[in-house]
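We call the chains A, B and C, going by the order they appear; numbering starts again at 1 in every chain.
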């Protein structure tokens, strides 16, 4: 290759280090931006930062060379990034000791992410237009609360049962939805969402419009999560407990989503989304695949519902109405259909925005609707679109290995 | 017995309203295969356009002598304005997305409906609360023994029949109607035969939105109040009725509307605690139809086009 | 002469008042290429749709490998070994070329959902094997598609789309392959390539039977062993291309007398 160098370090080793540093650098920059958006109080700075970040992501997505330059180190340093991201996520709330409000917002962001990922299985991966997703969210919340109150079940058991019950409701919605037409699906989902809302509002055992209150706190190692916590000698508000609780479940959700996407399940979901008839004739049991999407999505909605209920301590049917369904849908559409990172980005932005831009409160739904329309018209793929599947490490080595096609 | 007849009258009125919305919705499906989920919210426009116009007209003192004529004019103006709104929705939202996957369009109309709803709520003074709707339909009524039928109910029925007959005439006897039918059968061939797609679809939106506006208007007049959120309710019922009757079928929508209206009113009356759950019954009916007869009552059996 | 691997007997399909397929019968033997020709609207694609389970036949029997498959769901029929392509290519446009072929393997026995979720290590090994198999299959039809396997299927040229559809169908080693107007819209060089591909299928997959709907008579003449002529849902002639094309009824209905 060139002249013999004096150093022992081959160019390979510096490249190796640069790659790691680049990956870490990208992680830190993006995390920093996200953190700043979440933590800062000045509305204008936050707005500016958000617009900048979104614009940057879209611009990077549009320039293949830039995208590759950034994508390479990220892809190759998966392990390092995972560990670093986990450390960052665990450490992030620690400086926020005196800011329970921001901690609360972060908890809600986490719950929204779980919700959005759940819906993403249905809308993004499988192409099922579910306009009543909040119903599963509500079923999970109510099931968990009532199980904990009436049967004195521990939170940990209640959340699992609630998620299972929600998944069962997913099955109930899935069955009538198996007849093809898109708008039939949309209609059944709306009808179901409204039915659940009406039932929650009217049934005695769900408390009617007053909802359910005094939902018991989760307990861990004998400690109630509603109590403030001491770490390294410092006292933290109780929101910190829930931050870690939600982060834990979010991690599980992300892992599950990742596994499903990269498995036959994810591939079949996509095939059904792209062309049901071709999928059928290729040997895919489309009905089973669709029902699976309904159940899995509903399951995670149930998890989110239970977390919400045991965190806030009080739920009412208003928390699970049509507007909520549309908001979650907006998160998936805006963030990126079928893309896990995109969905999380959408969940983050649409949860932070109403909190940060209090002045906008009245126009919140208008803004959300307009954003969705604009995204659908000009960038239906979302902020972080889903990429073509990669099979790194599984491709046969040799002259015919793939070339980049970004 | 009188209870039954009274309920019958109520059911007819509710059915008329649902049928009007359903016909509009089913037209979108039939002609351009679009599920327009902003359709219900066009009803809101109708109601909320009428109210300020009515205030204007009454403050100008026009309601005195030629009162009835003015009312009729108001009806026409509101329907026309809502129809115009339909053109806006078509040009700005639907047309650019006609070549996108249907899911995208559907979601866009859902978002559009929400925007309409919220803009009305924010812009109209005291928009979040229910609004008193002027009594523009004739007051008083017939007394047949113990049965009372309001003139407003009769008016609604008559108007609905007139609209349906009018639409039927348009669809069957005019060139525009033929164009609509042709496009709903086969859009590509129709274009090749010289049908102007753009204009045909625009007309569909005008008619559809006008119907929605009229329904919203009548709904407000009959109940005496209206709210920015009636669109969602009416819209859902309209879609449900259209589905039950057979998506894309004009007469199916009418039948669906009546079926839904009757199920709702009678289940609310005869099933204990029914009124709280009347929506649940309607939705159950819809879901049962989707399960066992997805093509609806009049729709052709759906054969997957391969 | 061996047993037919596939046959339809008095197959009838009615849509309301319209009889699209009227008592159609034919047999397909291993390694045989059977062409179905006839004017547009004669019911050819409907036969495919019925046979692949998209519609349940109004009357008649469909027999495959010795058993009757009437009324089976499409995915079950695919799993038994009947795969098809479509008149207008139905690819998974937003997925990669490789993914399209991998989906085609869904029809093989070992791909069940439970395993997909639970046994991931096993999956990686199987996946490598599947990918290798898929790439090989792609390579035998187009070196370019094999190298560009990450390309989005929607971005392919029409010729490549057809090849990909065929690869997807062949990915599960089917016993019968149904090709619906594969030469539609192709220029002469593409048509020649297509004919090579069709014959290549026969060498790649021993014993496979192919049913081909086509309008392009050069393709039919050069590839088909048996020709079945459909008109208004009925069979009006069966036999070799030479016999069928000189049949006056066929000429009147379809070919025109100048042939």
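General observations
We take it that a residue touches a chain if its C-beta (ideal position, glycine included) is under 8 Å from a C-beta of that chain, and two chains touch if they have at least 3 such contacts.
For clarity, every value in this text was computed on a predicted model and none was experimentally measured.
In terms of Cα centroid distance from the overall Cα mean, chain A ranks first.
When chain centres are defined as mean Cα coordinates, C lies farthest from chain B. As a whole-number value, the distance joining the C-alpha centres of chain A and chain B reads 37 Å.
Here the spacing of chain B and chain C, counted between their Cα centres, is 46 Å. Centre to centre, using the average C-alpha position, chain A and chain C are separated by 41 Å.
Listed for chain C are residues 54, 86, each touching two or more other chains.
With touch defined as above, residues shared between interfaces to two or more other chains in chain A number as follows: 277. For chain B, residues touching at least two other chains, in rising order: 304, 306.
Residues of chain A touching chain B in their complex: 123, 127, 129, 131, 175-177, 179-184, 186-188, 190-192, 194-195, 198-199, 202, 277, 322-323, 326, 329-330, 333, 362-363, 365-366, 368-370, 372-373, 376-377, 380. Touching chain A in their complex are the following residues of chain B: 29, 35, 37, 93, 96-97, 100, 102-104, 106-108, 110-112, 114-115, 117-119, 122, 232, 236, 239-240, 243, 247, 276-277, 279-280, 283-284, 286-287, 290-291, 294, 302, 304, 306.
Chain contact summary for the complex, chain C toward chain A: residues 52-54, 73-75, 78-79, 83-84, 86, 90-96, 98-99, 102-104, 106-108, 111, 113, 116-117, 120, 123-124, 127-128, 131-132, 135, 139, 146-152, 168-169, 172.
For chain A in complex with chain C, the touching residues are 259-260, 263-265, 267-268, 270-271, 274-275, 277-286, 288-289, 292, 388-391, 394-396, 400, 402-405.
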